Amino acid sequence: MAKIGAPAGSGADFLTCPFTFMGVPYATEAAGSGAAILGVPFDCGTHPTRIGARYGPNAIREQSGLVRPFQPPRSDFNPLERLKVVDCGNVAVTPSVVDESFESIERALDHIVGAGAIPVTMGGDGSVTLPQLRALHRHHPDLVVLHIDAHTDTYPGDGNAIHHRYNTATTFTRAAEEKVVDAARSIHVGPRGTVSMPGVFEHTREQGYQLIDGDELFGRGFENVLASIQEQLAGRPVYLCFDMDFFDPSCAPGVCTPTWGGATAREGLSLLQGLAGLNFVAFDVNTVSPPHDVGGMTAFLAGTVMIQCLALACIARGEAD
Amino acid sequence: MAKIGAPAGSGADFLTCPFTFMGVPYATEAAGSGAAILGVPFDCGTHPTRIGARYGPNAIREQSGLVRPFQPPRSDFNPLERLKVVDCGNVAVTPSVVDESFESIERALDHIVGAGAIPVTMGGDGSVTLPQLRALHRHHPDLVVLHIDAHTDTYPGDGNAIHHRYNTATTFTRAAEEKVVDAARSIHVGPRGTVSMPGVFEHTREQGYQLIDGDELFGRGFENVLASIQEQLAGRPVYLCFDMDFFDPSCAPGVCTPTWGGATAREGLSLLQGLAGLNFVAFDVNTVSPPHDVGGMTAFLAGTVMIQCLALACIARGEAD
Amino acid sequence: MAKIGAPAGSGADFLTCPFTFMGVPYATEAAGSGAAILGVPFDCGTHPTRIGARYGPNAIREQSGLVRPFQPPRSDFNPLERLKVVDCGNVAVTPSVVDESFESIERALDHIVGAGAIPVTMGGDGSVTLPQLRALHRHHPDLVVLHIDAHTDTYPGDGNAIHHRYNTATTFTRAAEEKVVDAARSIHVGPRGTVSMPGVFEHTREQGYQLIDGDELFGRGFENVLASIQEQLAGRPVYLCFDMDFFDPSCAPGVCTPTWGGATAREGLSLLQGLAGLNFVAFDVNTVSPPHDVGGMTAFLAGTVMIQCLALACIARGEAD
Amino acid sequence: MAKIGAPAGSGADFLTCPFTFMGVPYATEAAGSGAAILGVPFDCGTHPTRIGARYGPNAIREQSGLVRPFQPPRSDFNPLERLKVVDCGNVAVTPSVVDESFESIERALDHIVGAGAIPVTMGGDGSVTLPQLRALHRHHPDLVVLHIDAHTDTYPGDGNAIHHRYNTATTFTRAAEEKVVDAARSIHVGPRGTVSMPGVFEHTREQGYQLIDGDELFGRGFENVLASIQEQLAGRPVYLCFDMDFFDPSCAPGVCTPTWGGATAREGLSLLQGLAGLNFVAFDVNTVSPPHDVGGMTAFLAGTVMIQCLALACIARGEAD
Amino acid sequence: MAKIGAPAGSGADFLTCPFTFMGVPYATEAAGSGAAILGVPFDCGTHPTRIGARYGPNAIREQSGLVRPFQPPRSDFNPLERLKVVDCGNVAVTPSVVDESFESIERALDHIVGAGAIPVTMGGDGSVTLPQLRALHRHHPDLVVLHIDAHTDTYPGDGNAIHHRYNTATTFTRAAEEKVVDAARSIHVGPRGTVSMPGVFEHTREQGYQLIDGDELFGRGFENVLASIQEQLAGRPVYLCFDMDFFDPSCAPGVCTPTWGGATAREGLSLLQGLAGLNFVAFDVNTVSPPHDVGGMTAFLAGTVMIQCLALACIARGEAD
Amino acid sequence: MAKIGAPAGSGADFLTCPFTFMGVPYATEAAGSGAAILGVPFDCGTHPTRIGARYGPNAIREQSGLVRPFQPPRSDFNPLERLKVVDCGNVAVTPSVVDESFESIERALDHIVGAGAIPVTMGGDGSVTLPQLRALHRHHPDLVVLHIDAHTDTYPGDGNAIHHRYNTATTFTRAAEEKVVDAARSIHVGPRGTVSMPGVFEHTREQGYQLIDGDELFGRGFENVLASIQEQLAGRPVYLCFDMDFFDPSCAPGVCTPTWGGATAREGLSLLQGLAGLNFVAFDVNTVSPPHDVGGMTAFLAGTVMIQCLALACIARGEAD
């Protein structure tokens, strides 16, 4: 017989904060929390036919009422309580204005990481990852990325205009150039489907990244691939960049650049569970695009991914026992 | 080049509170404000085919981004700034559980009025008015109601079960019985269309209320009717109960009990403007039912009604000059 | 505290018939009733871009839960009870197969009129009127039509193929040719907007019909026009053919051939009320097209039109006192 | 070249009953039928964010036009004809009023089972199962339940208020307490995903039930699990409670409490086929929530589940040869 | 019995061009036509909550199948035939990249006007007007604008960044500064509702423009206002800029910045008809935003506005007799 | 930083053709192209509850902006460029008028095949295949069909009326009778689910066709089945008829006759890839029904199928190296 909404900050039991992730407290300070939710409502606006990830964070919050904190068979700990999770609201950004927005995102992440909390962000399109990496790298110079996505986001995009350099397709090209990740130990998992440039996988490897494409992932099997990932990333601070388009459009239609042939929900969630034990320092769940979603499915699945991320954070912090 | 969302409470300019009415600050205390927004996400759940007003407050907040603070030709004052308006979030209620929920609503209103602020609430279905009247009456013993609605909400509903006594159709029957309003000076404006009981208007008058039905309203003309209302309510503390179904379903389809033949947006907004000068002490805008809305139209119109209410509040407080 | 649905035929109070108009009893015999609801789920399928009126009857039944039987200020009689209204279900038709379907429609109407009940039918597109007129004319040789519509439905359509001769645009051309209406005393009210043939109003008059177009209707005013109609049709058995596209698309978007500039709900319903006293023998409310409707608005408005038609039937039968 | 709708009861071939499951005859008496369809349009209304299963039965009827009676490779018998299936309409219930509604449901089931027919019911939320079990248990004292669901519905919910005791989460807790099922021989199949209470699976087993959770089901494989079920339930009268949320939200988004990671349609339908031979005495397909459905998918899948249930009923009655 | 689509350019009668306005021929050259349709699928992307007018042109084309060429009572000429109207497709633009896109728009308009055709463009948001005015002014140095809109689009927006200077709110500020219109003879008609800046009407007049706001328009009556407009603009080459938000959201919900209290369809279309006789040299119908539209209503109304514009063009060219 | 739309035919770089498949050039002549896209917007209109495939071609074009030309790991060739693909628009058809429409379809295919291009058509419902086979058979007398579908489309349908003989259920019955395919070497792959006639698979084989039903396909595994298909069809000119309902409704809800239990996107696309090397002479992708689609998913998946078909065409023509 649940009440609607999060507890209001004041302690007035007759009020609720209407809109936080899974009803955790709203807070503008991350200090004292082990993990902080943060929305990054930015979509840089250059893709000609799909825009709308700016509404992603609020849509995930809305659907998160369907997500519950315990996950049998490991149903003995509640990550929200163990980590004293708070929802810090959204980063202040202006759609289409890349430079100002990136700066805000970087400052917000800096604030959370500086307060000792693990950030769990909700995009926004795939471009929001770069400023987050910049902030995280400052705190974790040996940062590696585990990038689970239908795309590599490693296109050249080397024109002079800002919208040529910084967009959803160029995030990891820029990240490697800026050396905010250790590309050689970072892994792209799952790219598949139709692409607009020949040789894009080769290009990714030339930038120094490792790559396990969708054919390899499903061909080798998750158990085998997970063992490789665990071995490769062991001991390093890991930034998990999870693009919701890793899932097939049958379960995640509302993303920026949907691609057929992806993971089922059962597959995708089991892949995440298999990452337990890695030293995660940040989670970035992006590309939910509500105008393209149907019935809130994608936002709801993103919320399910996020509670799984929070469980991984809990384990990484040794708080799950 | 607006940023998305309200300023975060902390003063961190890189954060926003994702979801307040027109981006006013989120606050759990109304003290210091001239007017406080409050959501009342309760629908008592007994109507067999339309439920969903519980989502009304958040839908209005979402659409309020389309509403602006100034209203030419009186474009010289911003009610949000003049009244230091805050958004107190939602009342903590449990759908279908009438008694507990009514108690919470009453306490929340008591808190706001006690802090010296004018409450501007967003329903919730038409049942949420009764507990608000209880709270307001405690502070204003000579309270009168101006009830603008397609229905009188004066059905008997006198069975023993709680769901027979307290629901959207019986609000003003109970209010008169409980003497929380001065029925003889209170006015129902606009009831029209098909009804489920013969003689419902006669019944309303028998309870002591005044009634100007839709035929009379549109027949006499707004100017004439407004003069009567102004005269009748002058000097009394007025509770404005505005049911969004006063509007025709062509502009407000997403309400609990839509009824054809209502006011256009231009008519409805001009009626509200004509109320300037009354001594309003509370505003209650209800029955937005998002599952039945199309494209957020009704929530957006409700947001427009609310900024008009805030302008009326500003004038009532002498803050518009 | 209403239960959902109509009483089941058996008298078992724990069962309901799930889907009748306003919850009236389901019956396959009209005998004993003063008026019978009948769905005519046929759309002949030749319009290239709008099809779907076949779903109209069920959509109106679904939305009719929002319609109530009493209509203040004449709130003293319930037409459903006075006329012992029943819902006979739908005519058995096969979409796109004109000849067989028209035969079924004609037989169904014959059955209802033969049983002494006034038929109140729900289309179906505008083509369903012709077979109804054929049946009605057999019982009322001096039948006249009052056709309220955004279109005249008097196009020539004189090719040899059946789909050229019988479709939504040719209904009244065929009706005049077949002499199943007295064209000289029948009136088309309200045609307006863009048309696909020059001189279509002149053509209508050449077929012998009277015509009051939209400009004239709104220019002269309803009171004036109603007086003419009352005088013209007095004493004759009247078939009311009401096409929902008479309403503006702002209140009736879900019709077969929407046309901007139509009546508001308040106007349309007041026009209907002004027809009280005519000797109605049949009501035909058509062209609700649910796939093009938004939020069931048009079906709900059609249900409101139908209770008004039932009130007119009640008055025509002298059952309203 | 099918006609739309079911044959009208009267034998008038020009009329159809507009809205029965797969066009079977509408009947208020189950006598003479081997199986009777029944809608149970009740959702107790206490879940804060998802309500609407009350519309489930009609939505399933509407989508059932896409379901056909034969199922290759066993395409030699038509369950609708073999069992003379009828549609008895819906139980008369009042949303949110638990006690009266449960009584009606129990009486309706009593009627059908007493008439010798197998009930095949369409919910309604998961709370509708308890009154059905009460009725079935009276006729079959050794009744066992096969509960296929993403949830166990075995929460304690032991507050005093009726809404604490009877809701979707407590159905099988109450059933075990009331001893209307033989818990020790009843099996919960498929629970998975996030839950709101630690140790819910342990709690289920403590109440005496058997449980095969989702991990075990998909880990052991369907063939293996089906063999266990067949062995366990052999010879007992079996009540199949099938919650549509057993399916993954990618194929059944429109349910009360969707949970990611469920069965595909191919998996779910094959699981049902593997149950052939059990002595089924009742089928209960529930939790279709049309307001949350997309494009009627879930209702259509429920209709497909129901024809499969009818085939199982046919086999159980020895009518499939 | 219409075929779907426009004639294919090749003369092959078994092919159609799938997507032109009202089925006129597709052409990349405007030479030989009296009027040319052109889509301008640009939305500059800076408004935080409403984007999508880039899809406007195709949505209008899709809905234009509901629009017909003749308009009784002037049903004697078909503007499509008289003016040999062609559809030139869309301007090549890149969303969010203002400078390149404006250059393309200007070149496209230059091409059409240079070919002797009257451009009838479909936006795109309100920013697309400026480059069109630049092109038109080159051909008509004494160009005046008749701007029918809920807003004045005369905000200062004088920051340095391109997105501060060029957006939907600053179009006519820039136009006056660049002297591409004769502001003193140009008129803004219809601004109304809530605004984000105090004194915006005064500011408009300070830039030299004339302004008839919504209160004045509806207060004086259309006949009176039209006489003023006719007198004021007589003899000058007129650019009609028609923003679809002039209509009330009840008939045009799918616009960039909807504002309650606007014109009904009947009012808006009659205002346009009253402009017959002016020397129109260009028509610009903008701000249809399909993601915010419901059921294509706004696009369909825009298509109706466009055939009216084509009739005005026909009259302006002396081709209507 | 893509522009929206295809290059305009004129070479004017400021114009685009608004609506072609993946932005290929619009052309009314197929000469000079290796493959030509063609829409076939016909749905014969006899199914009682699902109509709308007439909108399929334009919906696929709209969603094709999400499809890209390269397909890793074979990311070294772009079929659009290699084959100089053009979009010829749509066939001119009249919905519901079978004979005229079939003639147009046949002529259009004749035109394309005669010009030396491989046709890649977008339906339309399943009835559009017959006239295409007639045209193809004239050019390829030893034509075989590979029919991938949830249904066999081999119902008798032998009444006299045209709508009994020619509809979606009888396509391959007629094709075998007319000997426009070599039935003995043609294969139906994938039929499954509920059907309306007993023994339909036996009936298919009696007409001479081969059949691998869904149970066999998923039971044997794709690799095994593909080997059989490759062997069986080697060296013959192959017409690929791909009905989108082969996919499960979870990924393709918007089809004419959805059937649960179909292929996932990953399965369906891998089946197509496994056909590389066959001598394809025509591709026919049909039954996308936009009114029943959700979020354009089915149209987008159809677009993905089509680029795969174009890659197969490229390989068949030896243009992939």
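Labels A, B, C, D, E and F are assigned to the chains in the order they are written; within every chain, residues are numbered from 1.
Going forward, a contact is a pair of C-beta atoms (placed from the backbone, for glycine too) under 8 Å apart; a residue touches a chain by one contact, two chains touch by 3 or more.
Treat the numbers as computed from the prediction; the structure is a model and nothing was measured.
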Which neighbours do chain A and chain D have in common? B, F
Note whether the interface between chain A and chain B is symmetric in residue numbering, meaning over half of all numbers used appear on both sides, and answer same or different. same
Need the most distant chain from chain C, centre defined as the mean of C-alpha atoms. A
Taking each chain's centre as the mean of its CA atoms, the one lying farthest from the centre of chain F is chain B
Tell me the rotation angle, 0 to 180 degrees, that brings the C-alpha atoms of chain A onto chain E, to the nearest 5. 180
Duplicate of the A-D contact set - from A-E, C-F or C-E, the pair where over half of the pairs recur: C-E
Distance between chain A and chain F based on Cα centroids, please, to the nearest Å. 38
Report, in whole Å, the distance between the mean C-alpha point of chain B and the mean C-alpha point of chain F. 56
Chain E residues touching 2+ other chains are 1-4, 46, 48, 54, 94-95, 97, 163, 248, 250-251, 264, 294-295
What are all the chain pairs that meet the touch criterion? A-B, A-D, A-E, A-F, B-C, B-D, B-E, C-D, C-E, C-F, D-F, E-F
Residue ranges of chain C in contact with chain F within the complex: 44-48, 51-52, 54, 94-97, 161, 163, 291
Show me the residue ranges of chain E that touch chain C in the complex, using the header's touch definition. 1-4, 65-73, 75-78, 248, 250-251, 264-266, 269, 294-295, 297, 300-301, 304, 307
Touching residues on chain A, where the partner in the complex is chain F: 46, 48-50, 159, 163-164, 167, 191-201, 213, 215, 218, 248-251, 253-254, 257-258, 260-262, 264, 292-295
Which of the residues in chain C come into contact with chain D in the complex? 1-5, 8-19, 26, 28-29, 39, 41, 54, 57-58, 61-62, 88-95, 97, 104-105, 107-108, 111
